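Here is the structure we will look at, set down as structure tokens.
We just call them A, B, C, D and E in the order they show up, numbering each chain from 1.
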Amino acid sequence: MITVTHYIVLSAILFTLGVVGVLIRRNAIVVFMCIELMLNAVNLSFVAFAHYLHSMNGQLFVFFTMTVAAAEAAVGLAIIVAVFRNKETVNIDDINIMKW
Amino acid sequence: MTNVSVMTFNILSVLPILVLAGFGMIVLFVDILFSKRLGDKNILAYLSLAGIIIAAIVSRGTTPIALYSFNETFVIDNYSLFFNFIFLLSTGLVILISHQYMKRENINYGEYYALILFSTIGMMLMASGADLLNIYIGLEVMSISIYVLTGLKRSKLTSNEASLKYFLLGAFATGFLLYGVSIIYGATGSFNLKEIADFLINKGDVTGPFVYLGVGLIIIGLGFKVASVPFHAWVPDVYEGAPTAVTAFMSVGPKAAAFAAFIRILMTAFGSTHYEWQKIVYVLAILTMTVGNVVAVAQTNIKRMLAYSSIAHAGYLLVALVAANTLGVSGMLFYLLTYVFMNIGVFAIVIILSQRNDGFMQINDYAGLGYKHPLLAIAMTLFLLSMAGIPPTAGFIGKFYIFSAAIKSGYIGLAVIGMINSVISVYYYLRVTVVMYMQEPVREFYPLTISPFIVAAVVISVIGTLHLGIFPSKIMELVQQSILTMR
Amino acid sequence: MEAYLFYIMAAVAVVSAVYLIFEKNPVYSILYLVMILISIAVLYLLLGAQFIAAVQIIVYAGAIMVLFLFVVMLLNLSAKEELKDALSFQKIPAIVMGIVLLSAIGIILRSKIPLGKQGEYTSAYVHDVGNTQLIGKLLFTKYLLPFEITSILLFIAAIGAIILAKRK
Amino acid sequence: MVQYLPILILLILAFGFAITNIVLSVLLGTQKPTPEKLTPYECGIDPVGSAHERFSVKFYLIAMLFVIFDIEVVFLYPWAVAFQSLKLFGFIEILIFVGIFLICYFYIWKRGGLEWE
Amino acid sequence: MDKEFFIYVLISCIKILIVFGVIQFMIISMIWIERKVMAHMQVRLGPMRVGPHGLLQPIADGIKLLFKEDIIPERADKLLFVLAPAMSLVPALITFAVIPFGDKVQIFGYSVDLVITDINIGFLYIFAVGSLGIYGIVMAGWASNNKYSLLGGIRASAQMISYELTLGISLIGVIMLTGSLSLVDIVNAQAKLWNIVLQPVGFFIYAISALAEVNRTPFDLPEAESELVAGYHTEYSSMKFAMFFMAEYANMITVSAIAVTFFLGGWQGPFLPPVAWFMIKLSCCLFCFIWLRSTYPRLRYDQLMHLGWKFLLPLSLLNILITGLVMVLKG
């Protein structure tokens, strides 16, 4: 029998992998993809909770999260393209994100 | 098929939002359709200001009870009305100061004004949301607008980079926020703040650690937006890279909105577990104040210095959150209002003095300003003193309220650290003043073109800073009322 | 059978996620992410969220990832790969943090996950009315405000896309 | 859930079919590669430069607008399904939504986002 | 319970095999019919040598392709190059799972739906699977390491996503009328009146978008020989090449079947058995594809994009609003 714990553990694993990916990858697009992975992990936990709570709210929330993700993707990739045009790179080390 | 119940919804409660949305689109279309005939495009600023004034008229006043609408997901109470006032004031002032800047930098698009107005909608939604979904959507509306605004100068690399940094870290932080929301949802079965609170009061002991995890993640997510310390890495670069007017905008409104959501979530929904989250916020507050102030000392670029100073101010505001009593929250609201005046005032002067492509941004560039442009120098000094918390300015009163709230709640150590930090901050704020008055000019001052808009903004800021500093009681009353209807 | 399906899909998702974060070629990363998205969509089906599962494929896999693919190809990123990979000093904290985060979550999960207040939408009820119908009704009654705000959000995204990406 | 089982079976069948085709052609076809055969086709001329050249930003903009519009369309599905019970109220709601969408569309058009120069 | 489940699986398998076989047969015969019909429209004879009237031509073609050398160009991405045809063909084949091709029938006392499976998000399933078809094309273009392939692949996918929007919106009118996403419900709702009568504009938009979605003339720009050699499958040979063709024909059959289901009453019709009606309507739609191909010239790419974004998109939205308004007014 699959319980909510199974789903939450899976979601936690995926979320952690996403976080690790964000921290170790240098390519801005791949970093963004890892963020999408995190969002998906969260969405999975929302839907799992909604199912086991007999509630629809979680599914609605996921719908909105996806909408926001789409808007973010459009804007974020536009930003990445703008950076690339000026700098010919999407490597965040060259963009020096952790500068004090 | 079940029937759809007629919902409780109240169009009046979202009227300010509708007004802003409408004016945002109008500005956009005036720019698109008539841009050739407009000439200097002053009308865009007029229209946006008109929108803000109408929205302010619509949302003015107070309400005796909290009005819930949209099935309890949206609430109008004095708290949200006060925040609406802060947002509209800051947006209005930013439009005043940005007009000249946008023209000089050649980015005077209708999109700029539209995005600023849309972003304000997001802030209002955050302050009025009684449901985590509304707060989340508001946060995203606000943030995505600002990502775009930051990158508005497409041809300039620092602007692009700032935008990319803000975007990636912002999206990263949102992931944590969402995970927190999800866990809270699992542990309580609701997104509604009141329902969460009810559940926690009745059955909170069952879901203990799970809820703490969720609250912790939400604090990370919002902590990023208010620029508290472990999550502040984006602030200096983004402030420096963004167009200065946008920097002014994002240093005030979004921060206030994030604090509005912070208070509403923590106090309304998790009031019963406040001993747990107070510990986290306590640490955050100390770190934020200290790092912000200490690093600010070393800065040479005025925008970077202001960035760290804004981090430090977030730290003071977090102190108020730790206190978590009526005095603390009212101190925070008061401080946010004064912060609007003094911060936008400083940025107004930075914009007046800066040249095309953000030249004239080093602190040393300000040498001799006191002799060349005494009025500007006096205004600048006033704002900086207020930021440092020196009487009789508004900043002093704000800090006074916050620290006394902390002491009252028994956090004497925190208050002491806060005061030590204030003393540190005096050093770097006064350094600018010293440079302005005591040093010989290293560079020629260019002849300044000062538009009436920006003068109005400076005058309003000066009046605000002084008025709140000398006669704080009236506003303080209003602020205290705001909190009463919240719970 | 549902248990098997869960384990298979979970395995696919986790393995793809591991590949995603270590893959050098962004085009492959995108394909791994698409695999994750599809396996999560199957999990949504298992959880009875059919509409969300379909939207996951249509929007995420069919639109957002296509956009990613276009950008990767537009910028021709695959040719000159990340010259220097992860800085070693960042790799270690990242992995440590990953372990800490996982174990923290693990400790909390050791105790049975406490669920909140049960709602009224049991599987049987949702099955009778239809998942999409229910979502439609809730979206247009309870969640009306965020729904309308969403249109403004998308407006902002369109403005951003035009102003940042379009050459004058 | 059981009604999704046939889809799984069909999926496996289709995959099997595709793989069989690929394998068959490898097994049955002749394999005599020569350098000329393996060169990318460029109308008989030796390939010039890299094949993965950057292409016009236009395609990217189209994909971006598609993402935004696709979301708007996805919002219409649950509305259409629930429309008969939402009645006039639902119609007004979608009128506002589509209205803002059309304004956005008009904006994109006017800014030249739909031009294909 | 177990026995019932077993029978359900067995019946499903049988249905799947039949449908799969029929689609394969239709693909093969379409290739012959297309060549013959076009030949006759252009006053030629078309293939005549293999079998009577060239009937066995597709089989000869198949055998030829099977024994052709399988070339993978140098510096191509081998894995994706091999997988791309499968990524393109599989979605095309599995879309058919939700399309009803006949009424309920009684076989050995079991009531069997003549649809592989009736899921309540059937319509969304079609779109979800259809939107995945893009990957095969983009990957084929990218993996080939050839300029023409890449540009062809990108063009094809840009065209597909552009028309996917209008394709989706054009069908919403029908959904509003039916109030369900299940294709079986949609067909049942058309027992009295076909939706094409109620949604003529929707059908018009759907027809154009469907043509563009499957990259058929006059929208076959991705394969414009004069500009792009053969588009994304320039470098493909042997069965991999054939798979792209199969995918194209399978897609044609699918969009025709959707048109029949949504607008032309599905299997509904008098006198003849439902399955026959379905096949007749399907054949008519497929014939129109060939007819259009031999009639119309190819559009220019900018014309294509303008048609989709500047004409069909607002029109389809307007269609929805008007449909909604009429429905509200009628109560």
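As a working rule, a residue touches a chain if its C-beta (ideal position, glycine included) is under 8 Å from a C-beta of that chain, and two chains touch if they have at least 3 such contacts.
Bear in mind that the values here come from a model prediction, so they are computed numbers and not experimental data.
Of all chains in the assembly, those touching chain B and also chain C are A, D.
The chains that touch chain B as well as chain D are A, C.
Distance from the centre of chain D peaks at B, each centre being the average of the chain's Cα atoms. In this structure, the chain pairs A-B and A-D differ in their number of contacting C-beta pairs, and the larger number is found at A-B. Centroid to centroid, with C-alpha atoms defining each point, chain A and chain E lie 33 Å apart. Computed centre separation for the pair chain D/chain E is 14 angstrom, with centres defined by C-alpha atoms.
Computed from the mean C-alpha positions, the centre of chain B lies at a distance of 53 Å from the centre of chain E.
Separating the centre of chain C from that of chain E, both taken as means of CA atoms, is a distance of 28 Å. Listed for chain D are residues 4, 52-53, 55, 57, 59-60, 63-68, 70-71, 75, 77, 80-83, 85-86, 89, 100-101, 103, 107, 111, each touching two or more other chains. Shown for chain A are the residues that touch two or more other chains, namely 4, 8, 15, 18-19, 32, 49, 53, 55, 57, 60, 64, 66-68, 70-75, 77-82. Multi-chain contact residues of chain E (touching two or more other chains) are listed as 119, 124-125, 142, 150, 154, 161, 164, 179-181.
Under the contact rule stated at the top, the pairs of chains that touch are A-B, A-C, A-D, B-C, B-D, C-D, C-E, D-E. Only residues 66-67, 70-71, 73-74, 77-78, 81 of chain A touch chain D when the two sit together in their complex. Contacts from chain C toward chain E in the complex involve residues 27, 31, 34, 41, 50-51, 53-55, 57-58, 61-63, 66, 69-70, 73, 130-133. Residues 1, 4, 50, 52-55, 57, 59-61, 63-68, 70-72, 74-75, 77-83, 85-86, 89-90, 93, 96-97, 100-101, 103-104, 107-108, 111-113 of chain D are the ones that touch chain C when the two sit in their complex.
The residues of chain B lying in touch with chain C in their complex are 1-2, 4-5, 7, 9, 14, 17, 21, 25, 28, 70-71, 73-74, 109, 111, 114-115, 118, 121, 125, 133-134, 137-138, 140-141, 144-145, 147-148, 151-152, 154, 163, 185-190, 195, 199, 206-207, 209-210, 213. Residues 1, 3-4, 21, 25, 28-29, 32-33 of chain B touch chain D in their complex.
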